[in-house]
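Paired with chain B in one complex and with chain C in the other, chain A is shared by the two complexes that follow.
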Partner chain A sequence: MINSIKNSTVDDVKSLEKNKSIALIFLNRKFLLLLLFIIIYAFFAVFAHNFNSFQNIESIMIFSVEIGLLSLGETLVITSGFGGIDLSVGSMLGLSAIVIGELIGRFGLNIWLAIIIGLLVGTGTGLFNGLMIVYAKIPPLLTTLATMYLYSSLALLVSMDQYGNAMPISNFPSIYSIFGQSNILGIPLQFILFFIPITIILYILVQKTIFGKHLLSTGTDEIVSKLSGINVNKIRLWVYTISGLLAAIAALIETSRIASARPDLGSNMNLEAITISVLGGTYIFGGTADIIAVFIASILVTMLDNGLFLIGVNTIWQTGALGFLLIGALILDLIIRKRSL
Partner chain B sequence: MENKILLECKEIKKSFGGVHALKGIDFVLNRGEVHALVGENGAGKSTLIKIFSGVVFPDEGSIFLKGKEIKIQNPLDAHRKGIIAVYQEPLVYPKLSVLENIFIGNEIKKSNGEVDWKSEEKRAIELFKSLDIKSEDFIRKPIGKLTTAIQQFTLIAKALNYNAEVIIFDEPTAILSDIDAQNLFKIIKLLRSDGKGIIYISHRLEELQGLADRITVMKDGEIVGTGNNVDMTKKRIIELMAGKNVIEKIQRNNHEEKKDIILKVQGFSKDRVFENISFDLKKGEILGFAGLVGSGRSEVMEAIFGFTKYDKGNIFLEGRNIKIHKTSDAIDLGIMYLPESRKLGLLQNKSILDNVGLPVFNRFLKSLGFINNNNLNSSIKQYVELLSIKAPSLFTNVEALSGGNQQKVLFSKGLIAQPRVLILDEPTHGIDVATKVDIHKLIAKLADDGISVIVVSSELPEIIALSDRVIVMHEGKITGTFEGNQITSLNLISAFVK
Partner chain C sequence: MQLFKRRESIILFFIVALIIIFSIVTSGRFASYSNIIQILVNAVPIIISSIGMTMIIITAGIDVSAGSIVGLVGMTVSVLSLQGIWSPYDWIIGLLLGGLLGFFNALLIWNLKIAPIIATLATMGIYRSLVFTVSGGRWAIGMPTLLLWIGSGTIFNIPFSIFLMVAFVIYFIYFMSKRVTGRNIYAIGNNIEAARTSGVSIGKTIFFIYTLAGVLYAVSAFAILGRTGLAQSTMGTGFELEVIAAVVIGGTNILGGEGTIVGSLIGALLVAVIEDGIVLSNIPPLLTDFVLGALILIAISTDVIIKRREIA
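Take a look at the complex of A and B:
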């Protein structure tokens, strides 16, 4: 490639080989998940009644979208480093959902306007997280722990009726159902028009753009990045804001899917999003992200839930299975990282 | 009859990865003596006291304590043998009280195993009393809230509790106020009259006059002179530190007179870090910043670059008063700073491409935030060739490269930003001699091409070989500016130790 490169020493070549094998193993996260996917799929196809039906596959796709979007946001946040984590994704979803629901169901606002406001609310809550972390310098874990409570409390407040009871909203116009209940050629619309395009956009954002380069650099080493003229604060503000926006999009899809908006939507999704992100190869200390692997991981986890349910495993064990999967992935991570040192 | 010699070492040698830090040291410390050690950074003083205090193990040589040969296994072993070091910034447990700090790991216990606070307190007060310090007021306070001086005194008390006979002070006064320093001297004299042996390291030659009985000068891992206080005048010490070696200047091709001022820094101050720093940098000039480690040079440069904040002062670039809030402002204006450690300059687990491109991705913009990889890669390739970086490919991770090549990658990263002012912090730190010469030639070439270069270096030969002009900093202030044939080791060192 380059003249001086031709003079490379034996050591250099060795290290190149080492690098290649590292790169291969890291790349393997996607293949590893696909392999796991196939094994789990085959297992359930044999043992779970109805698992391998078109309807069931469709429902796995449907259920993977909302948690998948949260996991993608989580991935960006964790990748930005500095202990980056977002515990409030579920609460942002809940708040955005109830805002959309109230605006349409109680105030009869134009649904498009309501959706835009809902998305803005989600984006705003994400931005608020970012501002607290970047400017008040509160560690992300604590900031988002606080806003997790704050946003779900706000959601309850918004949903109160005149008697002070938190009420769900269910009177959406029928057109609103297109986001979560329709399909294109049998494939759920939210999967094709939201999940896949957003995954591709984020993949390109992280891998091909300046923003992505700066994000990975910031997460790898804040000081090197600052000394290279990167505005690490700006990067961090952006990732938390994007996480909020994605939570709001998930809120839109979920309220449309179940034709109802409740303030507690998303309350059990906070930690699951982190789990899926880590399972998808996101390095918990930042700097490494594989968007496609996170995409696969969110389908994998949804499929696992679905399959366990179908073969009649107690729901209590479903969360346990997720725990096992995560520990397995982390041990694998450790082995890979040790070998690459 | 007791032996007069307390601690002695013979033929101590130590090297770190091929660098000979100590090349055969013979050193004697007598009872009731304050023995001062002086020398530049890297002369080997710290390594020697680390050997005495059990932090580092010597490669060769022997150590004798009161005439008996000993091996010092670790710091605790050194404590037990009665050798204790007090560092500039005392190593204490900040949340624990003075009392707990003295007795930690060595508690006085009652028969039932509980800590006997009363006895400890009584003993501690006695210890402080022997140092002529009234300790009742502060003995129960968390030590982190007390002054550095009291922290040092506590460590001395702790040393006495271990019946220490050899007490080593490593630049104890560098961060003390004058009054505290005077108190410390009083205590050291008390210890001396008590028959302890004291090794005292300092860069403040003045304070040695009244304090030290003997002074030893180290240079490049060797002892170059030792003598009684009266024989070792300040002038003599500086001469010994400077040595006789003649340093050859790096050849320059551009001999035009440098007169256009490109960067002007005025009244630059930051509380407790640097004070009233003013200087000019001319076009095509290499300006050296000499001084000891911790003299505030890097901090000034980091503040100019926008990496840290400063309190007061102005920066003018080509006569225009500029405000730099963040590092990208500086880079956009054509000021680039390359940090001391390659660890701070490069993302170790990322490729050469990613590292070199980092500061300039936004200059290779296609649209929508996409990077024009073709232009970027060919530009990076150009610098990799210019600096003849040896690497299997541009996709190789930086961590797989040798130190010298990593340094060159760092240089590429600086040059690709096309700076007008290039600030290099310790540009050849930890690099082999051959690559060092390469890098020096490169720096000279950059200056010849019209880039103005600031070189911060703690290695005097490097400063002398490269610089057109040298500014010396000492404890946050500029203590001297030298030009042309005034740039000699002797002059620079005189300004170092003011």
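Take a look at the complex of A and C:
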């Protein structure tokens, strides 16, 4: 039964039977995104100076990692259903970042210990979201709205100096820069050692494990899942916690890349993470996730930002472009669904 | 209904307790006439916008583009007024622009069937980019006093914006309880299928509330503009969160079907009292967001607990 729920809604199955060949190609989110990827790439390669250089491609990889990790967490959360959404990913990133920064920069703690504590803080914030949602039964939108305030405010408090001003930390030892500023065979380390492995792990988790099947089933129909003996609460608790952990890993990479920790890091990444997740085919009411497509989408969006910047579009249009992209993706969805029905 | 009465009285009690505590801490300065007026003036934009947001949330929707609409309207009317447009025309342009932006939200939500949170997230980004485009990244300052009058003018020594807010609140309390459209909003939120079969025009209602909300955000923008006297590209950032917080603290159910204008009014007052009290009692302002976040969690979880007990 779970298998039939797995990847496609009933509508999709119907449409596949009706118009198999077209539907197969177009309902495949990865194919669509790759097509879009090639078109956008070709456009910028022609019109943007220096876009098609090795250095630029490298920087696209670097910038895609942090937002990509947040989007992956967001994807799991949205997939779990019950109005699942995480507005606090950016704040969790900010709080973890400033905790790591303070521990190393102000208290001179051992780097590795500080990193572990930072990751624990991120995981803890995610777990707290999960607990409020699962046990206090507060809808995710409200829980994460409230914790977005809480965590970003905590981040400011942690960074406060004796005069009550929020201070950034930037005296990291040089070895700390290894996570965000080094590369392996010319490819950024964080891309190879963090982004790709995490994507693969999550892909396996969602597509190949019992946990993943339970997650998709929970998001599709909570009541049926409960009746089939799935511990829905446990699944939800896990996805919010994972989202927190991923935000903390993103915090580690970002503080290392810019060699500085500020409490407001990640403050405008919530919208972007949700956009990328939806662009990657995550169904906003839960039950459908395509981890690989989200991976592609995060690179796509980073590339779009980068390309627009290079052809001289003002950077303030980045959020606007993101909004148009999101609406465009959803309109495309609508057309495809209508066609294939 | 009994539940809401109880909830509203709990929050009112909370507000009174806070006023007493803050007054003691600030040795009476908090409860002074001028400060109470100040709190009300600060609360006006949130209260006026919360009317629209309450209607939207009752239909199980949400609008996170509110802050961006406030920013875009505020910036556009400021820039126009600096180019010599007569302020009353500017007011009309601002209200129309707000309505148009809200209408566009409804278009995405109703015609393209995009979930409200996603649609308004997208327009939040788009509208914010437009603010920067209109302003060119610069501040707008030196607007004619007539334009600012909605937010800064006074009648009998009482700020005009307070009268405006009271008028809006009274009309929409009547609207939500007696007018057909008002009742339809509750019907849609309670059971959309039942509403459809009993002949409620859902599309029309959705368009109505999002457009109206846009107009109300525009009014809030005028109030904020008058208070601050300048427009920045970041105007209204985070405003949507304050409004949503006020609405849900006031007892509107985020899953739709329940909620009152009075509740949102009280929720907004609580937010305003806390923000003002924190500043006056020398608590680091960094804590404001913390308190706001904690308040949302406490308000909602008590709500859940009360409901569970009633079911049991």
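The rule is short, and it goes like this: the second predicted complex is superposed on the first by the 310 of 341 C-alpha atoms of A that agree within 3 Å, B and C clash if a C-alpha of one lies under 4 Å from a C-alpha of the other, contacts with A are read in each partner's own complex, and residues count from 1 in each chain.
We adopt the following convention: a residue touches a chain if its C-beta (ideal position, glycine included) is under 8 Å from a C-beta of that chain, and two chains touch if they have at least 3 such contacts.
All values derive from a computational prediction rather than experimental measurement.
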item: Contacts of A:214 with chain B and chain C, given as first, second, both or neither; value: first
item: Contacts of A:202 with chain B and chain C, given as first, second, both or neither; value: neither
item: Partner chain in contact with A:146 - chain B first, chain C second, else both or neither; value: second
item: Contacts of A:278 with chain B and chain C, given as first, second, both or neither; value: second
item: Chain B versus chain C as contact partner of A:69, first or second or both or neither; value: neither
item: First (chain B), second (chain C), both or neither touched by A:314; value: second
item: First, second, both or neither for A:252, with chain B first and chain C second; value: neither
item: Residues of chain A touched, compared between chain B and chain C (which is higher); value: C
item: Chain C residues within the chain A interface of the complex; value: 62, 108, 112-115, 117-119, 121-126, 128-130, 132-133, 137, 233, 241, 244-245, 248, 254-255, 284, 286-290, 292-294, 296-297, 300-301, 304
item: Residue ranges of chain A in contact with chain B within the complex; value: 1-5, 7-9, 12-13, 15-16, 18-19, 205, 208-211, 213-214, 216-217, 220-221, 223-231, 287
item: Parts of chain A lying in touch with chain C, wherever the complex brings them together; value: 83, 85, 132, 136-139, 141-143, 145-150, 152-154, 156-157, 160, 164, 166, 271, 274-275, 278, 284-285, 314, 316-324, 326-327, 330-331, 334
item: For the chain B and chain A complex, residues of the former touching the latter; value: 305, 307, 326-328, 330-332, 337, 339, 344-347, 349-350, 354, 357-359, 361-362, 365, 368-371, 381, 384-385, 388-397, 400, 413, 417
